[in-house]
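Chains: A, B, C and D, in written order; residue numbering restarts at 1 for each.
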Amino acid sequence: MTDAPFDSSLPLTFLGPEGTFTEAALLQVPGAGAMLRIPSTNAAAALAKVRAGEAFAAMLPIENSIEGGVPATLDAISKGMELRIIHEVVVPVSFVLVAPAGVELANISSVGTHPHAWAQTREWFGEHLPLASHVPANSTAAAAHSLLEGTDAFQAAVCAPLVAEQTGLNILAAGIEDNMGAVTRFVLVARPGSLPEPTGADRTTLSIAQPDDHPGALMALLEQFASRGVNLSRIESRPTGQFLGHYVFSVDLEGHIRDARVADALRGLHRVTAEIRFLGSYPRADKQPPLIRPYNSDTAFEDAAHWVQALR
Amino acid sequence: MTDAPFDSSLPLTFLGPEGTFTEAALLQVPGAGAMLRIPSTNAAAALAKVRAGEAFAAMLPIENSIEGGVPATLDAISKGMELRIIHEVVVPVSFVLVAPAGVELANISSVGTHPHAWAQTREWFGEHLPLASHVPANSTAAAAHSLLEGTDAFQAAVCAPLVAEQTGLNILAAGIEDNMGAVTRFVLVARPGSLPEPTGADRTTLSIAQPDDHPGALMALLEQFASRGVNLSRIESRPTGQFLGHYVFSVDLEGHIRDARVADALRGLHRVTAEIRFLGSYPRADKQPPLIRPYNSDTAFEDAAHWVQALR
Amino acid sequence: MTDAPFDSSLPLTFLGPEGTFTEAALLQVPGAGAMLRIPSTNAAAALAKVRAGEAFAAMLPIENSIEGGVPATLDAISKGMELRIIHEVVVPVSFVLVAPAGVELANISSVGTHPHAWAQTREWFGEHLPLASHVPANSTAAAAHSLLEGTDAFQAAVCAPLVAEQTGLNILAAGIEDNMGAVTRFVLVARPGSLPEPTGADRTTLSIAQPDDHPGALMALLEQFASRGVNLSRIESRPTGQFLGHYVFSVDLEGHIRDARVADALRGLHRVTAEIRFLGSYPRADKQPPLIRPYNSDTAFEDAAHWVQALR
Amino acid sequence: MTDAPFDSSLPLTFLGPEGTFTEAALLQVPGAGAMLRIPSTNAAAALAKVRAGEAFAAMLPIENSIEGGVPATLDAISKGMELRIIHEVVVPVSFVLVAPAGVELANISSVGTHPHAWAQTREWFGEHLPLASHVPANSTAAAAHSLLEGTDAFQAAVCAPLVAEQTGLNILAAGIEDNMGAVTRFVLVARPGSLPEPTGADRTTLSIAQPDDHPGALMALLEQFASRGVNLSRIESRPTGQFLGHYVFSVDLEGHIRDARVADALRGLHRVTAEIRFLGSYPRADKQPPLIRPYNSDTAFEDAAHWVQALR
């Protein structure tokens, strides 16, 4: 399976249960369909399996184009034993309304689903089932599974298309999401040891402790990227939990640690921040290469290094 | 009611139902206890009441020391008709386990609560009720109210102390949160027209569109703060929903728009960003004044303005 | 004489003696030809006349395209009673070789001139009079006047074309300068009180004390210009004389103090530096307008000020 | 001669004639007193001897605490074949008034000296010989030598103490300079090949082409120093001679190219500027070590390099 980002006899895990968007994302990874896939109940549990050597890698949602970063994932990969993102998948977020055989729209008074899914289908329900009430579930897939198990708390569920496929529930309506074009980005997280090769269109993820709480502290970090022409595609501040206003910055940047400008920025960051964690360099799902000016190219860095070396 | 940040015959609203931490926060506002208080089912609904003139102001959670920013609030105050934060309250997050009379620990097999509350009491349950399962609810207060209404889905609920007080449910255990010292910051949001006076220990909240997606774009924004010695106490990137990686920055800074250095930073931002929204200047709950260097004081700004004025 | 930058019954002064490039520059100022013009022996003496009210203004060289800034002028305008540059003239530096009637090239063994003029005609002499020796003079005009007075220290002088015209000495060779295209910039300096109107192509001259001797101190000054899109056309460090490495920066910037971006940069500088001196805003001789981005225009500054004013 | 910064059978040269402050500076270099020393008539001529292999090194004035940078030296070392500064000497500027035997103060009507020396002794002459006129000379030493040769153009000369010693002229007054404490910094310039060892208190001299003429261009250069905590002890803009306002920056920084932070700054500069010239790293005459923060130490750079290397 030469295209697969892994070669392992260990199973894979994902944010379950079966049928979630996360499993759909995992199935897009070359080779994953043929491997054992174990659902985990949350991000921390999935990564615990990886850290313990019980799973080779875990697929987790990291960012949604509507909801933003996924705190549980961002926090779980930034603490504890070091891990590396080795692959990324972007999946369109599209919802279906499912129900057991025999249930029609007219029979639905309550709908089970995850609160996020409910929030993202407000317009469709406002128009088609304005009187339906929401019963919260831990995941969209869990709500669907409850229907299979004969729950009487609700008559239909909002879930990912994959769940309908896996469970055989009837699809009463498809594409019911309010925001057409919404996507979720998922990452496959493994133990260190398998840095993917640079492809020219890569992403690097970091977790950086805020150096100090004074005007310009964040700028001092960002300057390390800007001065090497390294663009940030995502920056999130996550609380450390120590006190209100104390943050760790979760950052995605365009490029690979084997790119000279990225390596140089990381060296600069390592000097000015108390703590920085490298969470991996991996190919971008959209294969979009960054714009690199000549003076930030690998060649420019090499020339500069040679010039100084000769003078020293 | 001279200390109250408002003078209105309209009711107040808050993220309900009754007994939430949000209502507890609202009750800390001088004068709020004597006013009509209407619960809202979510942040958008609460602000809709304010915008429609049906409520004078809405109390909403904006930031938690463990979970970070509250996306629903951040997004709802940044879009639509302009609003202003006029007051802030910080409330310790402490949970109690409640049950109807007659129920004891030994009788509990399922516990109803909001997923966040469940996540923040994992250690206590691991030790005292390791076999209890979680039934998700839309809020901690909703779970408690379900007990009053005789639900048989669970026998106990995790909720705020205020709920126990209001409902008369028995407190089986108090202080069961894993993170002692966790706090949530709440803000009271009204229509423009009532800018609180500067106190010397104020906060200003802004929503700023990212100017452009290139290396240094975020730095160009932050430079406007740093060059005037304005410290940021919170910065969050929230997706605009247009496409992955397109953000609005939600920012809290130390100071009041009537402080010269803050006004000057806002003027600079207005020039360099396509869109900026002022969400209010209001007293900090912790009454902590910022450190201001002499060259960033109001006097320094006035002297500079006079000097240039005389030369022109 | 409506185009003249002055209206005064006082005489003008210039770096003499008569016939220097400086007098040539002064004669280019509209109206100056009709006024009394008094030579001064050096920059300090010329400005002393202005400060004492004995002359309306002094014309002095400030910058040469080959030699750089003119220290005597830069230092004299930066210390003592405040003065303002009100006009600028750029004059091509072209030298002629002059001698009394009857003297031919073959008769010349020594040449009198100012050391700078000698340095800038090395190639011509190397080719045409390789054996001629140099006799230093205090100015090119002084050397020519010595010939008139019958000196026997040298037989010819290198000077400005104006001197040949004024003295009637013979021109043996013209255009003998090594660097075709060299120019000198001259400024007319008066007492405060007559700020020239903005023309859209102006220059502003400042003298700025170095704020502090640490990495980034100079950057903190330059940031005030860069953050408002104000370009510097000249920056020179001049020793304060206190100790080696202690400087005042002499700066020319593109724009007029009545331009909003320039005024804002000056306000910023006034805050961050211990001492700043405004030396005038005046039309550029080359009438070249600066490039101003929309967000640095007067309109952008006005819009920003109105926005903040309305919020306060 | 182990302390000497050179080991050569070639002679040394200096800005002559004999007895100048420059020769005094050269004599302070360990070992120089025992070597052949050839005067040169100007900086360009001195460096031509070094470049041609006729002299091992040239001593030249580079900076004066009153007059600032010495343009002739700055320009001559920045153009043509590459050279390196290998030693620096700081000499107090103190003048004496000398005359042949038999001449007394009362006999003096004209004084020969270099215009700079005349400018720096104005106060003494104003008080003691207010009627004396100035006869310009090419150097202070040249004026003294003219007295020896029996000139009748002036009766006394202002020169360095060394000239009095070498010529045997009488010293009529000593310490006649207006600015007590003025010093001149001299540098010894050789061909590449002999980089002095770091001492912990070093200086590095660079010549850097301005990258581009837009707001912030100079800042982009300075940022390379500031971001590594490298302090500049001198910055001068020298015209390139191409057109008014086109500069090369002559810069002294605190540190040695073998210091990691300096090497890193040079690598950064090499990338962002079209042209940069390294003019040497050499011990500071004042032996003053720079302040280096822990995150800019050699260790911090090594740690950062190892961290990134391990990740790659």
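Simple rule for what comes next: a residue touches a chain if its C-beta (ideal position, glycine included) is under 8 Å from a C-beta of that chain, and two chains touch if they have at least 3 such contacts.
The model shown is predicted, which means the values in this text are computed figures rather than measured ones.
Enquirer: If you average the CA atoms of subunit A and of subunit D, how far apart do the two points sit, in angstrom?
Expert: Spacing between the chain centres: roughly 60 Å.
Enquirer: Taking the mean of the CA coordinates per chain, how far is subunit B from subunit D in Å?
Expert: 62
Enquirer: For subunit C and subunit D, let me know how many angstrom lie between their CA-based centres, rounded off.
Expert: About 26 Å, centre to centre.
Enquirer: So which stretches of subunit D touch two or more other chains?
Expert: If we look for residues of subunit D contacting two or more partner chains, we find 223.
Enquirer: Among line, ring, star, complete and other, which one matches the pattern of chain touches?
Expert: Contact map by chain: ring.
Enquirer: Name the touching chain pairs, would you?
Expert: Chains touch in the following pairs: A-B, A-D, B-C, C-D.
Enquirer: For subunit B, which residues count as touching subunit C in their complex?
Expert: Against subunit C, the touching part of subunit B is residues 195, 223-224, 227, 257-258, 263, 266-268, 270-272, 278, 295-296, 300-301, 303-305, 307-308, 311-312.
Enquirer: Which residues of subunit C touch subunit D once you look at their complex with the stated criterion?
Expert: Residue list for subunit C touching subunit D: 63-68, 71, 90, 115, 134, 136-138, 153, 179, 181-183, 185, 213-216, 218-219, 222-223, 225-226, 228-239, 241, 243-245, 247, 291.
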